[in-house]
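Note that chain A is present in both complexes that follow, paired respectively with chain B and with chain C.
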Partner chain A sequence: MNPAFFIAPLAISAVSAVLAALISLTDKIVNNYGEVTININGGKKKLQVNGGAPLLFSLAETGIYVPSACGGRGSCGACTVKVKTDIGPHLPTETPYLTKEQIADDVRLSCQIKVKQDLDIEIPESLFNIRKFTGVVERIADLTHDIKEVYIKLEDGQEANFVAGQYGQFEVPPYAKIRERTQRAYSMSSAPSDKGHLEFLVRLVPGGIVTTYVHEHMKEGEKVNVVAPVGEFHVQDNDSTMICVAGGSGMAPFKSIFNDMIETGKIEERDVWYFFGARTTKDLFYMDWLKELDAKYDRFHFIAALSEPQSDEPWDGETGLITDVLGKYLESVIDQEKTKEGYLCGSPGMLDACMAVMRKHDMKEENIYFDKFA
Partner chain B sequence: MKMSPEYTKAQERMQPGVITSDGFLGDDTRPIVDIIAADEQTMTKLGLDFETMCSLMHRLVAEGRKGLGEPVTVQNSWVARVDEARGFLASPFDDGIFRKINVELELAPNGKPTGEKILYSELSLHLIEKHHFFQGKGSPFRLDPAQAKKVLRL
Partner chain C sequence: MAPDIGYFSLFLASILTSNILLANFLGMCSFISISKDINSSNGLGMAVTLVLTITAGVNWAILQLLQSLGIVYLRFIVFIIVIAAVVQMLEMIIDRISPRLYMSLGIFLPLITVNCAILGVSLFMEIRNYSFLQSIVYGFGSGLGWWLAIMALAAIRKKTEKAPIPAGLQGAGITMITIGFMAMAFIGFSGMLQVQ
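Let's look at the complex of A and B:
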């Protein structure tokens, strides 16, 4: 037999192996940035990290969690950080998510830029308080046909300190065809005083990765991770009339806020109007509790509205889109003379529609508060 | 049909974890040109044209958004629920970014839901409209042309 039959494949294999080794060696040399320093807020924190990873993940490794609604995939635009070091021009994967002002101000998407050199960055100091909690799902309850209440007991020794209205990044494990852990943001619905637990309201979104997991796979007793507390949404400390609007699982921060106001007595000190929109009676929940608050506290007013009440359902409340009902009350029911503040929780479209109604009724944009993370 | 370099790159970007966690191909191992060709053939067999179908789907997105996150009855024929999330998704064909808007559309003649549904997003609608790509079998956002015909009443 011709020895070339054996020699040729061996020679090709040997050359391939040498090339693979060369590529591996080159990769280690070229992409080895060694240990680099991230200097945060003018030296308030200095981190030593191994270079080469995206800034978002390098920060998370050291316990600093920059909010991200997409888990670092570069599709939400939330993980902004000001980078004072010159690291080159903004990437095409960043610019669609940043305003001209942000680009001029050296704001970058931390999931898109890699740590290749020492960096000076600026982040809100509130991010220093965000941490990763581990807990066990103590209870999962059906609130409606598509909303679940998930109550998590934090592991011993962990205490959540948050302000009513803030949110957490809820993490679910890989499942079915999803190969990686996935995080999504949900407002805490538990009261801040319940430091040993975190509660979330999760509405099933068709095709949603985290919501499908919670609704179809999550079990009581299961371990979960939550990065919290995140967000600036909270009740301002003044005596303005609060105009609160939500729909669906947007109820969550208001449950936390109202329970906090009850505990601190503030529910008796200022006027609160809470507008909750749903389609039919089967989409309503917590009604007994909210009606009880309305009856018990003179200054608390609860208005539920159904956009499409069914003919076979008893309903004597408001009907129509929540924005129309809000407009009607701002026009003719709520005291025109008092200063008003808006508090909103819902989808970007719902927020825009509510803000338009509030502006039309002379509410100032700077007095309308929300977290646009939905 | 042959895979051009653009299609090869697009197929790479359709893998799970690149643009979306579950990707655009599901369990389908065919090259995307074959997926597109097969669905174009099905569209012809069903007597459907892309322009009419996509135009109606766009109109239904606009109507569904009026529900502000709640399901809304449209033209006494459908119940549309539009969910919006923060941010955008890039097209795997690198020809634009799209808001994270999902639509679940249920056929409901005279307001009576039938259980017949389709699910699409602003991005998946773009992929159908511009690239005739309905996504691979098993992908959560694959739109089966026959199901689309039934639900959209085309």
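Let's look at the complex of A and C:
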């Protein structure tokens, strides 16, 4: 047999092995920055970490979770942190995600910058509350043909302290062709008073990594991780009229918000209009509960609208796009005199369309609240 | 046998008469896309020069090994592996020694791995039987030549930014024509020296 059959693969393997060894050797020698100190918010918290890793991961290692929808791959631009130490100009991988003001203000993408020296950074205080919870899936229930309600019991007496409307990063393990743990953001639908549990509504997105896992692989009794609470979406403390609009699994934060308002009694103190948009009756859920709230509380109004009602299904509610129904109510039903606030949760397209309708009816942009995480 | 050519002649030839870009048309993709910006061009030129010099030397040594084993036909795949590894190590070392330089090279350093000028120089070195020192001189010269060409093009593009170019020729069109003129201008050097 021709000796080349052996020599060629052996030579290539040997060359590759030597190079790989050299690379890891270089990595060991060159990327050893020793222990460095990260000083957060002017001394509020001081962390000792091993240098060399991206700031996002160094912070996560010590239990500070800067929100990141993409998991540190530099594709979402969420993990911004203000770095006061001079660590050089912004990288080409950072600039597309930052505004001019942010760049001038030394805001950096924490997944792109490496910790190589002692750092002085500033992060919102609320991030100190964010932590990784471990829990067990207690119940998975079908709400509609494509939305599941996932109820998680936190392990070992852990307690989640969040404000109704905030979201969590739901983590699923590798499965099928997905090789890495994957995190996606979902609003909590459980009430904040239910500290020992977290609940999420997950709609199946064709091809979605986390949604497919939840719908096809997740079992009751399985362990899951949730990084929470994240987000600025919550009810403002005043007495203006709340105009809430949701579609599909965008119901989640409102379930939490309304239950919280019931517990605190706020639901009797201010006007709430809740618009829920769906395509057909198959896409509706929690109807009995919401109708009951509508009947029980004078100032709570629930309006569901179907955009494609089927002739063979009985439906006595509104029909048409939720934006058209919203426009109609803003025009002629809801008190024109009172100040109004918008609360939105749904697809980016729905958010934009609702914003446009609200602006048209003289609602101020700064009074319209939502968390965009598509 | 190594060709009988002085180091200085080889150096000048690789910059001017056999300019890797304008005579051999290698490394065109980054040449055209990066030359939009003069600072990036400078950074990329620097990175190409550095990587070319080092990989020419390393690949010469690897080539001797392949020749002694009688498996020279594997040179393409081995050269690419070596280039990728060298770029990886360089990236880490520059990052450590000079963060400033690392920042200014930025994304260009890893991109060089797939720059055909780098592989081209290693292959020319083999075809032309260069000695170790000749390879390094040729690699360094070719890098400088590439650097010179991209800086020249970036400067010309900056000048033509405000020029009244017909709509159909704007962007890639006028750039290709500019490169054509530059290549013709470089032919003017060809009488001075020849390397083969």
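Keep in mind that, in the parts below, the second predicted complex is superposed on the first by the 349 of 374 C-alpha atoms of A that agree within 3 Å, B and C clash if a C-alpha of one lies under 4 Å from a C-alpha of the other, contacts with A are read in each partner's own complex, and residues count from 1 in each chain.
One rule holds for everything that comes next: a contact is a pair of C-beta atoms (placed from the backbone, for glycine too) under 8 Å apart; a residue touches a chain by one contact, two chains touch by 3 or more.
Only a predicted model underlies this, so the values are computations on that prediction, with no experimental measurement involved.
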| item | value |
| --- | --- |
| Which of chain B and chain C A:349 touches, first, second, both or neither | first |
| First, second, both or neither for A:17, with chain B first and chain C second | neither |
| Partner chain(s) touched by A:333 [first = chain B, second = chain C, both, neither] | neither |
| Touched partner set for A:295, first chain B, second chain C, both or neither | neither |
| Of chain B and chain C, the chain that contacts the larger number of chain A residues | B |
| A:136 touches, of chain B and chain C: first, second, both or neither? | neither |
| Where chain A meets both chain C and chain B, residue numbers | 93 |
| Residue ranges of chain A touching chain C (in the complex, touch as defined) | 4, 7-8, 11-12, 15-16, 19-20, 22-23, 26-27, 30-31, 87-89, 91-93, 114, 116 |
| In the complex, chain C residues that touch chain A | 62, 65-66, 69-71, 74, 77-78, 81-82, 85, 88-89, 92-93, 95-96, 99-100, 103, 106-107 |
| Contact footprint of chain A on chain B as seen in their complex | 16-17, 19-22, 26, 65-73, 81-90, 97, 100, 102, 104, 119, 121, 138, 140-141 |
| Residue numbers on chain A that touch chain B, as the complex places them | 69-70, 73, 75-78, 93, 96-97, 177-180, 182, 205-209, 247-248, 250, 277-279, 283, 307-308, 321-323, 346-350, 353, 372-374 |
